[in-house]
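Below you'll find the structure I mean.
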């Protein structure tokens, strides 16, 4: 799934991960010094950790735990996943860069790491998706349930998402696994006839560099192309081509279904999600 | 309020409750064996309990508690309600069956019981509604507030909902008690003139077997007929006839206001919530 | 920003604050007596406190705390803010009155204080906004993150909101800080050229007495005029003039862009948010 | 095991239980009124409950719970035990009366119920002992471990204790199950030859109306006769006859081993634990 | 009650409090830098606070809270007491200095403030004693119960203790309020005839600069003179003159009852609690 | 420091660790099956873990955590220590075997692992001691403080303890670091002249296979020889030779100081702690 985002384009190089982690620590150190009331929080979540994966595992474990799913269990689960699968770490770094570069409200990497529920939900989802692919479905579903509860971002563990994703003040809902006559409701992998299409591919695929607006809902076996934008509150039921924008409920493509407007620029450089407003809202209201 | 759903049609027979509970325990036992990391969670929520009502009361108490509303208090409240009112238990069983049979993402009864916030919100709402009818309104409202906070499903305690309801990845909002000149804001029961209409009936009525999409909002003294479907993200302000579908914001009936399309099939058997997509979205976008 | 609401019109007089606090205590005492199961909750949140600011600080501290942000730290933060800034208290009183007078589902002041997440999010936001203006941005953002997580109401700390605001069963999203070429992503105050306009004013301004429906989203540097109404689930991208109503996704003004219908009455007296339904929905569906 | 204590002498009559519970509620109501800061605590622990057994089960569940043993589970366990076995309730009432009548520091029944860790440990121990006798030994031992941790009172679940026991500012340690050649370390019940003596009876027996001083330790298969007193910090390794006093480390009987001083009075009426001080300490120091 | 300790001799001067607080912050800053794993803890307990009284109130509130007595309530209680009564602060400073100067295991002021349960129990006791004197006895007793549970140091709220007290690895038990015929068990103040002696003075008085060994028990209306030492595990039932040492169970005065050995030196300068060991233990064993 | 205990004599072989862990899992599985109410606890603490070190780290982390020292931080700390230092694991195995073989109240390895606060305090102490030797003293002292608070077993982090230690119903206090003129109170390592004796060696040394009775206190730079026994409630101020017994306060050697009775048998085989009772208590009382 190619993307125009240089940072998210490929496996993030280890030194990029190191560089981002260095930035995060520097930001946290600066904030801890200027705001003693926040220092304890910054030390426990960032400054006491030796790596991004430990910090993220700690933070997710403490965010997602409940009285019946202890933080230590979740911490262990996340740390194992992030330690053994470098692609999870590189995706996290790409998401951090996307937020930092594309969202003007994102004042620092550490701000995104600590406070962006869209970012946190995304990282936890990738671990749930890994468990799903390993056929550890009850655990994947339990994790999914906690993510939806805590971050109000509902992504089915079977859904595939790219890198460099930006959930804008995320309360987006990404849903998959629709009904078919030959529905597959068993946690065991489906093998329905020759194609495997029905059982295997009923969930959305979110391309690299996609921007999903607040409160958006994306339903069914559809593709959101790389660099596409989904407007706030939109309900998307159809494919959205790369670098186009879908808005409204139900969502329409800005510029029309036949020939939607394309963003010409590289999304990672200049993508914004308000430039379509004057064009579109004048035309509708 | 009749419904096409056999399971939800009438009071669930005690042996049906027993059968579902047996399924839940068998599923949990299988999952606990295959996934030791989840076994503690499954034992505390399901396998250590002797009945569905105890398991559900335990789970809701631990989900909805806060530092000022202790889990033991809530556990007691739920257990008393579920033990003394069999209709609450039969509605829970009907909802479990609806989720298991109609939602392809629902891989097991235990998955629904543990993880579906729509299901859990529904069961807790019915207890809040019972308290409301018993004029224990401060407690009903406090419970309602916790349900809305924890499950992000906002159902006014005065709202009546049927059985076999399916909140699809629920973040639905069901609202009632609108403003009238003779508004009734006192927690004591209203008696406003002869009709009682204004004070008594300002909240939605959700029929049996209704499917409510993610992020839907249903407002005012309206009826959602049995077996109807409300699309994701819809804002419904008008009655929805039985077995019809309302989508959009504001919601329209698929097929038009005058002669909406009816699902011919029995909803419990083949109801799906994506079949209308091609028809509807092509027509709009 | 003038408003028709007498209560919210000016700085609430100290005796008004005292009067409302007296009402709250009387209501809580009555409820504690009639419902022993709730008495512990009512004493810890209301009846054990000597003033509205202490009760509110306690309640917000316990609601917003997490395992890494302790309740005692937050309690201290809120109490300092509410004690030193009377305008925060008068805004809280105006919001309480708006909810009590305009929302028929609001049965008492204490009900709003304890259970309305829109109300609670609003009060906590004003403290976050104060921190933002004091350039304590990391703390403002951390607080904002907790508010969005716990109350599902997402208001950027830079957003300015008036008094007498009513978030109706709030899951509204108010967002600011959009992208500009000369974007300002540094936590330090911006000084971009001579005007300062771009860096300083990219967030919504919500006037006094505004009613924001459930699930609404308000985006960008726009104004919602005093006494205006935003329909449930609406996505607002344009200015909404005073005393007009915006509904839908994307939101349109009821009555048309050119000459929107105005509420003639004083909003605080008779404003309702369902009277436009027949007119509007008939016309659309 | 007869005792001189009228209250503790026999099964407490139901109306005695009712009378004590009435006193407790009246005291708690008075204290809640005079001390609002404590009212929440008093409502949650006492005033919101309909019976002594519910209040006690709630309080013990919340005191003894941990992150891996939830309060709801323990509440259930205690409530089942206290509801089904009236002798547990009558023993609790006898202990309450002993504390109230014999301990001058005990200012009220409710004070003892809420704050006396010796009292609370005793009630929880009796439930652990019941589990032990039902051969539910792992649960009995887990409960024992929590009791020892939380209340610093270590009573082996196999130990038998009477009624009307008073642990004075209890940090007493009561230990049993010493080593024998034919030791019985299996959780299954022992059957060692005909007598059963070795396996069955290696723990202390504490008679009715015994007063155990702070920090006392009682070791092995010994009897503390009814109405006896064990001095603070004493280590008792030998039988203590009824109505005598043992003090020191190792403990000696006041008055000498051959002819210990007897309290002539009825312990429940005039028993005190300082009258022996002048006699004894003058003689030693 | 005079004492040889210069620091504890009189009301600690404000600048002494400031000096100690400065030391504590400097130590905590040094430790936070050298041990990132501890930094979060040090910031939340010390470095985020603006004064010793805030730090101590925060720490005690979080240590002593339970599921039914919230940390915010206790924080408020302690902060009010420490803010309004300077003698509580000066006693805390004297205790800190005593620990730092006399206990070789005390490596820093901050170590004592954070980790010495004897120190923490002492500070909380003084607040409980203040409540007792204000006739807020139910609250004093509830606080006492938490102190005894959490710190395993049991000091009756009626007991008077001096300044510069050192509980050595404290599990000491200080008990008062023994039985008298005219016992005063009512929480209301006693007025028994003209003298008030019986009701008012049944508890120990601990002089300034006293050292209480681990596991010691002090019982009844007795005086421990200033600068005295009580050996570990001792049970003290008689007066201990100033600058003498009591050891054993029951405790004897080292040097004999008639002419006990006196420490000639100023306790604050050279007091140790092992110098008597060779003398005493050779003589006994 | 040689010992008669075969198991504790040398580094426990890896397969011994594996064998004990296998026993623990088998016991836990058996108990979980027979007692569903305990199964959740057993899965979270034992059965979900892949090794003894993970189970122990999880259990200690959850036991010792507080609102300001999070369980995830402690879990990490323990797991790192137990993973990198095999001698910590072998000592834990030796302690488990000592408890299982010598304490008749210890019905299973899993019972000791989960419930014996003496065992748990010992394992946590060894980690604190490791930190102390690594000059991470603030962390060592903070950990020590939590151990003393939670398990009521107070062992100074500088104290050296052997293997195969059995704290009998442990509330023992082991104290070190007494006062010297050249006291070393700095957290940095001491270097006091040529001998280093004063600064370096002021704490007790506990030999292998020592049995420490309930409530015992051991003070100063003394040695408890291997296989020695310390009676319950004893206060030990002098060396205790190997295989001898010290009892009382202050403690005397059974058999007299000059020629104490020796246990002839191998302690691990037949050591008991009550055989001296008849001899000793008859002789004293």
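Going in written order, the chains are labelled A, B, C, D, E and F, and every chain counts its residues from 1.
Note that contacts are C-beta pairs under 8 Å (C-beta built on N, C-alpha and C of every residue); 3 or more make two chains touch, one makes a residue touch a chain.
The shown structure was predicted, so the numbers you read here are calculated from the model rather than taken from an experiment.
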Item to check | Chains in simultaneous contact with chain A and chain D | outcome: B, C, E, F
Checklist entry - Which chains make contact with chain E and with chain F at once? => result A, B, C, D
Checklist outcome for this item: Chain centres from averaged Cα atoms put chain A and chain F apart, in whole Å, by 48
Checklist entry - chain C to chain F: how many Å between their CA centres? => result 57
Item to check | Whole-Å separation of chain centres (CA-atom averages), chain A against chain B | outcome: 29
Next on the checklist: For chain A, give me the residues that contact two or more of the other chains.
Outcome noted: 37, 40-41, 44, 48, 62, 67-68, 70-71, 73, 152, 171, 215, 233-234, 249
Checklist entry - Contact residues on chain D for chain F in the complex? => result 66-69, 73, 77, 136-139, 141-142, 144-145, 148-149, 152, 154, 156, 171, 173, 175-180, 183-187, 202, 215, 217, 219-220, 233-235, 237-238, 249-253, 257
Checklist entry - Taking the complex as given, what residues does chain E use to touch chain A? => result 32, 36-37, 39-41, 43-44, 47-48
Item to check | chain F-touching residues of chain C, taken from the complex the two chains share | outcome: 67-68, 70
Item to check | Complex contacts: residues of chain F adjacent to chain A | outcome: 40, 44, 48, 54, 58, 61-62, 68, 70-73, 75-76
Checklist entry - For chain B, which residues are in contact with chain A within the complex? => result 31, 34-35, 37-38, 40-41, 44-45, 62-63, 65, 71, 100, 102-108, 111, 114-117, 150-152, 168-169, 171, 214-215, 231-234, 247-249, 271-274, 277, 280-281, 284-285
